[in-house]
Every structure is written in C-alpha cells, then in structure tokens.
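What follows is a pair of complexes built around subunit A, which joins subunit B in one and subunit C in the other.
Right, the complex of A and B next:
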C-alpha cells in the first residue's frame, strides 16, 4: 500500500516518540523499580482485625528493612484506622493497607501515594516522605453515602 | 449551504422505515441527554457547596443517573441511530427481517434502560455506572443492564447482516467505507461487551439474588474494565466515521485515502481491547509486569490516531488549495466556517488534542498515581466523550435528523448550532479546566461536597468547585440549545430534502487492498492479543483468589 511521503515522516516521528516514551516508562519501572502499587498479598476480609499487621494499625519503626517505618491502615465504611499518623521528615515509609468491607481508595492529597484498597487484598506502597506538613488522606473510590467524609491525616514532622 | 436540493448528484434518501428505526434511537438519546444533563447540573451545584438536593435525593443517586444516561444510554442509542442510517444509506435498505431484528434490539435495550432507571430512582442502585462490587444494587438493576447489552447485540446483528448481504452480492469489492466502519465498531463492541455480560450474568445477578453469597471482586473489576476501555472507543469510532467519511463531503473535498481509513479502524479494533489494566494500575493483585504490558498495548492506539489526524488535515488542506488558498496555512481560512455541520465537529476534533494528551498521562503506568480517581479524570473524559464525541454527534444530528424527518436545517438554526458549540466550548473549558487543575492538587472524583474535616488542602479546592459549577451551568444552557434545535428538526423545521453526506475517495488514492477487509486475519489478531494480555493474569487472579465478598448497601 502506497503511503504519502509526508505521512511517512509524520508516522515515523510519532512512532519513534512513542517508542522512546515507552522505553523511558519501562526503564523507570523495571530498572528503577517505580511501579504502581501492585502487591500480591491476600487476606480474609472478614477477619482483618485478627490478622497481623492489621490487628495493630498505626506507625511502626522497623529495623533491617529497606524502609524505616511501616504504616498500617485499616479502612472500613467510612473510616480509616488510625485517624491520624505522624512520621519523621525524610524517612522511608511502607504504607500497608486493606479494607474490611467494600472497595475504598487510599490517596494522600498532594503526593504520589494513591492506591486502591480491595476486600481480600493488601495494598502496599513504599515511598520517601520528602515534604513536611499535613497531608489529607482521603477515600477516592465511591464507597457509599459517607464516602466524602472518610479521611485521615498524614503529618510529616521535622 | 446547509441544504442540498434534489438536483444534487446521487442524492440517496434513507428508506422511511429504516429512518423510523434510526429516529426511535435518536429520540431516546436526546431524552437521556436532557435528564442526564440535568443531573450533571445538580451535581456541579451540590459540589460548589452552595446548594443541597431536595426531597432526600442523594448526590450519588444523581451521579448514577448522570453516568448511566450519558455514558451508556445517550451514546449507545445515538450511535445505533446513526449507524443504522449509515448502513441503510450506503449498503442499501434493510430487509424486513433485518429491520425487525433492529426493532427487537431497540425494545430490548429500552426495556433494560427503564428497568435499571426505576431501580436508580428508587435509590436501590446508587452504585454509579461502573457498579463496582461489593456494593450491591437491586438485582433488577443488573438485569436491566444485561438487557441493554443483549439488546445492543441484537440491534448490532441487524446492521452486520446487511453488511454480509452486501459482501455476498458484490464479491471481491471493498464494501462501502462507512458500512465497513460500522461493522468494525460493532465487532469491537460485541467482543468487549462479552466481558461485562459475563460479569453481570455470572457474577452480579446470582449474587444479588442471593443464589451465591460471595463475589470475586478483582475478577469482576477486571471483566468490567475489559469492557470499559473499548467502550470509550465504541463512542469515539462513530465520531471518526463522521470525520473520515462525512466531513470531507461537507467541505466539498474528497476522502484522502480509503485504505488508510480502513487500516486505522482495524488498528483500533485490535488495540482497543487488551488494555483494561490501565484503569486498574493502582490495584493490588495484578502483577506490575502485566500492567506495563497493557500500558504498551494501550499506547499503540497513538498510531491510528496519528493516521486519522493526518488524513483529516490532508483533506482540509487539499480542499483549501483547490479553493485557491496560498501559503502554508492559507487553506485553513478557506474551510466552511459558517456551516455548523463542519464547525461543530471541528471543535470536537480540536478538543481531542488536549484530551488525547491527558489520556496518555492517565495510562502512563506510574504517572497514573498522580491522577487516579481524582477529578482530573472526570475533566479528561469530559473532553473526550463530552466534547469530542458529543460535539461530533451534535454536528451529525444537524443533517442526520432532517434527512430522516424530511426537513431542512434553516439558516437561523445553523447559526444557533454554531452558537451552541461556542457555548459548549466556553462552558467545557471552564469546567474541564478547573477539574484538571484541582485534580492535580488531589481533589477526588465521584465525591459529594465535603470540607474533609476542615483540611486546609481541601479548602483550596472549593474555588475550583465553584468554577466547575459555573462551567456546568453554561453547559446546561448548551444542552437546552441543542434540544431546541433537535426539537425543531424533528417537528417544526420546513419540509425539504437534506443530504446524508457521504464523501467520495480522492482519485489520487491507492486502490484499497482487500486484506483490510479480511475479517479472519484481523479478528484472529484481535483475539490473540486479548489472550496474550489477559490469560496469565486472570488465571493468577482465579488461582490466588481471596475469600469472596458479601454484598453491601451503604447508601
């Protein structure tokens, strides 16, 4: 099939940009480990409160891991437990969260921390908190009538 | 300018009986636009914080109505009305049997729509148009949704039968371009909606009836998004049909290349479906390798999009130069800027540039975390669906409806149609712009007005929510205007003949290779890609499935 000269240039330019773009995204993902939260950890959604680490929600200092703190959250309509957390500025934190009932979101406004919480699954995300201040944690997946009141607070302190 | 009289060459009128079937769909589409649009207005008003809903109606109830009516009903019905007319216009009048099947499809979809709507109005199904489990709606809502899908298959088969009949009668010849495009769109629709049909029939209905206690949440979401992304291409491809086939005729030019048009549609067929994970990038339980793989497949639609952009602007430039345009961009001025049939879809095309760029951001693996479930996404699809697609549909309605009703678009209505598109552009720029910006700050989508416990961050979002209310109100004025024009075209416009514009292919274009119409090849590639992208992660999902979820009614 004959393709016009200009169209060849146009498609070559477009396709090349696309390949370069996908390679950059790929290197960022597979070489630098910057993947979206994709944990494959499973849990019985009806027994969340009995199972570690969700039997003890909150901030836990850990040793000998790639991160300094583990922050454990339990979501349920229309609350997060704990309702507020504090972590030191500059620390590396692993967020570990799950839901006891329907699907919820876990988004820390103004940051890249944003993951879905689904019943039966544990969501995890490791990040370095490099901005001080108070960040609103909110549910960003519709979960029922109280959806927009479902919040917690992340305080990053110096 | 806006009408073509009988003396026009090759004037072909869609058969009255087919016109009636097409119009039935178009009526439902515009009723859905009115009710759904009204709900949209109420939403932006509520979210401004200045208004509360009366009579115990909840925000999520009207949000469900808005999403279902505009995302699923307006689109599907308008598309079917348009496609039936296009097939009848170019492949010939439907046989009585085909038309009866078309009507059965219409009534099946409509019965489903009514059933689902009643449940939403009774507040038994405030689960939004994505109906994510384990929120559990009344079983009648799910049955209604299933009927909409099954009805669309039946109506789709009527259109496909006409195509098959044409191919048999004209062996070795490429089918009429727009009929071919209709069939590509239907093939994609049927393949993708199998996913949502399996979710609804085998998971949601038995679970909502209490026949089974638990549901596999991740599997249901995966089946939904296997359907949910091709759904947006199902909306977009009819707009592309207008751009590729109708617009060249309206501007007095030719279709740049029949072969490239067909190639781009086939590429959309194969790259639209194996991509649903880009809606699930932040979800647990799916390995990030498979997410990335589907990100790559998602981005492949950039290629047919570039082909489309090139072809359209080539048609425009060639026509402008025929009219004596000089210089590099002189042709741009020569386009028919006073013809609503051109201007309104053209604004839609222009909107697709930022809309497409936003889409690339959304589907970019890790970048998705910045915007996932923020109102940026709502801003995004109000550019793609609610501007690009909808303005193209409005522009098409201005010749399609009078063609079907035997009336004409008067000068005044043509003028009003252009004003309507400008009103729409202004309203949407404000609303979608505000949504995009505040989404980057983290404001969530699909959420009632909230101060989030007095959070300072959330306080900063409120001015943008007020801007959304202003933009949304302007858009509602746009809806009233388009409904006025549509009502005029249906019942009051002067009698006369309006052309269903179908472009001819440029004499410089290459002959179309028949491989582009070889369904065995393209459907095989399509299915292989789906199997490649989904088999392993879905088996993994089923093998490692956690205990399922019981249903919740939390609204």
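Right, the complex of A and C next:
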C-alpha cells in the first residue's frame, strides 16, 4: 500500500497528540487522583434533615483527616443551606452536598468545583482553596421557577 | 511501463489545512487544561 509522504506526517501528528492527551489525563487521574465528584454514598432524600452530616449544614473543622474543613450543603428548591460560607485561605476543604427534592447543580463559579446533586446521592469534592476572594455558588441544573435565584457564596478569607 | 505510473497527488494545501486544524486543537486543549490546573 502506498501512503503519501504528507499523509504519513499528519497520521503521525494525529496519533501522537492522541497519545499525549491520554498520557496527561492518565497521569492526572492515576497519579494525582483527580476524578469526578463521588456519587458512591447514598442517602434517603426524604430524611436528609435528620441524617448526619446534613442535620447540621455549614463549615466544620475536622482533625486527623486529609482535609481541614468539611463544608456541608443541603440544596432544595430554590436555595442552598447555608446561604454563605467562609473558609480560610490555603485550607483543604471537603464539600459534601445533597438535595432534598429534585436534581440541582452545585457550581462554584471560576473554580473546578462543579457537581450534580441528585436525590438519593451524596456528592463530594475535595480541594485546596488557594485563591482568596468571593466565589458565587450557583445551581446549573434547571430545577424550577426559582432556578435563576438559587445561589450561595463561598468566601475564601486570608 | 512508465506511462502507467500515476502522478503523486498534490497534497500541500491539504497538509497546511491539517496542520492548521491540528495546531488549533493542540493549543486550545492545552489552554483548557491549564485553566483546569490553575483553578482550585
């Protein structure tokens, strides 16, 4: 089979970039452990308010874990509880969230925190907040008439 | 015999187009990846 010289070039280029992309994604997944927000934990959506940690939403300092703070959020139409949180700059934070009714989103604008909150599931995300400022938390899954007003605020303070 | 030999097609323009698209994909991929790495 005859392959034109230029065809060999672009086949090589295409195959190489595919391999490079996969290696980078592979290293970030298997070496740095980056993964989608976990949905391995289940919860009864009818009894969210009674079940720990969702019976006490907010920021909790924890000891002896890989993270310094646990931030617990309960989403329901059309607000987040708590409506505002504050965490210290540079701390490692685990976001734990669920919903009491329909599917909601949990996106912290301008960051990689972007989870889907599904009834019956607990979504979690661990990150180190290394930028100070105010970050808007918003719902990015259409949940009803109040969807556009469904927000909270993450404050990273020095 | 030599009359039957087909001429190589002229693929220079195709090569440039492929390289142009390829560069665009690589650059935008790394820009998006940098954004992901830079954010918390």
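The rule is simple: the second predicted complex is superposed on the first by the 152 of 158 C-alpha atoms of A that agree within 3 Å, B and C clash if a C-alpha of one lies under 4 Å from a C-alpha of the other, contacts with A are read in each partner's own complex, and residues count from 1 in each chain.
In this text, a residue touches a chain if its C-beta (ideal position, glycine included) is under 8 Å from a C-beta of that chain, and two chains touch if they have at least 3 such contacts.
Keep in mind that what you see is a predicted model, and the values were worked out from it rather than measured.
Visitor: Quick check on the superposed pair: does A:151 touch subunit B, subunit C, both, or neither? Answer first, second, both or neither.
Guide: The first partner, subunit B, only.
Visitor: With both complexes superposed on chain A, which partner does A:21 reach: first (subunit B), second (subunit C), both or neither?
Guide: both
Visitor: In this superposed model, does subunit C or subunit B come into contact with more residues of subunit A?
Guide: When the residues of subunit A touched by each partner are counted, B comes out ahead.
Visitor: Which of the two partners, first being subunit B and second being subunit C, lies in contact with A:46: first, second, both, or neither?
Guide: first
Visitor: Looking at A:62 after the superposition, I want to know if it touches subunit B, subunit C, both of them or none. Which is it: first, second, both, neither?
Guide: neither
Visitor: Once chain A of both complexes is superposed, is A:130 in touch with subunit B (first), subunit C (second), both, or neither?
Guide: After superposing on A, A:130 lies in contact with subunit C but is clear of subunit B.
Visitor: Return first, second, both or neither, reflecting whether A:138 touches subunit B, subunit C, both chains, or no partner chain.
Guide: The answer is first: A:138 touches subunit B but not subunit C.
Visitor: May I ask you to decide whether A:109 touches subunit B, subunit C, both, or neither, giving the answer as first, second, both or neither?
Guide: After superposition on chain A, A:109 lies in contact with subunit B alone.
Visitor: Find the residues of subunit A that appear in the contact set with subunit B and again in the contact set with subunit C.
Guide: 4, 6-7, 10, 14, 21, 110-113
Visitor: Could you pull out which subunit A residues touch subunit C in their complex?
Guide: Subunit A reaches subunit C through residues 4, 6-7, 9-10, 13-14, 17, 21, 24, 110-113, 127-131.
Visitor: Could you pull out which subunit B residues touch subunit A in their complex?
Guide: For this pair, the touching residues of subunit B are 58, 60, 63, 128, 132, 134-135, 217-218, 221, 259-260, 263, 280-288, 291-292, 295-296, 299, 302-303, 306-307, 310, 314, 364-370, 372-374, 441-450, 452-453, 455-458, 510, 513, 544-549, 552, 554-555.
Visitor: Mind listing the subunit C positions that touch subunit A in their complex?
Guide: Per the touch definition, subunit C meets subunit A at residues 8-9, 11-12, 14-15, 18-19, 22, 25-26, 29, 33, 36, 39-40.
Visitor: For a test of understanding, state which residues of subunit A touch subunit B in their complex under the given definition.
Guide: Residues 1-4, 6-7, 10-11, 14-15, 18, 21-22, 25-26, 28-30, 34-46, 77-78, 101-103, 105, 107-124, 134-136, 138-149, 151, 153.
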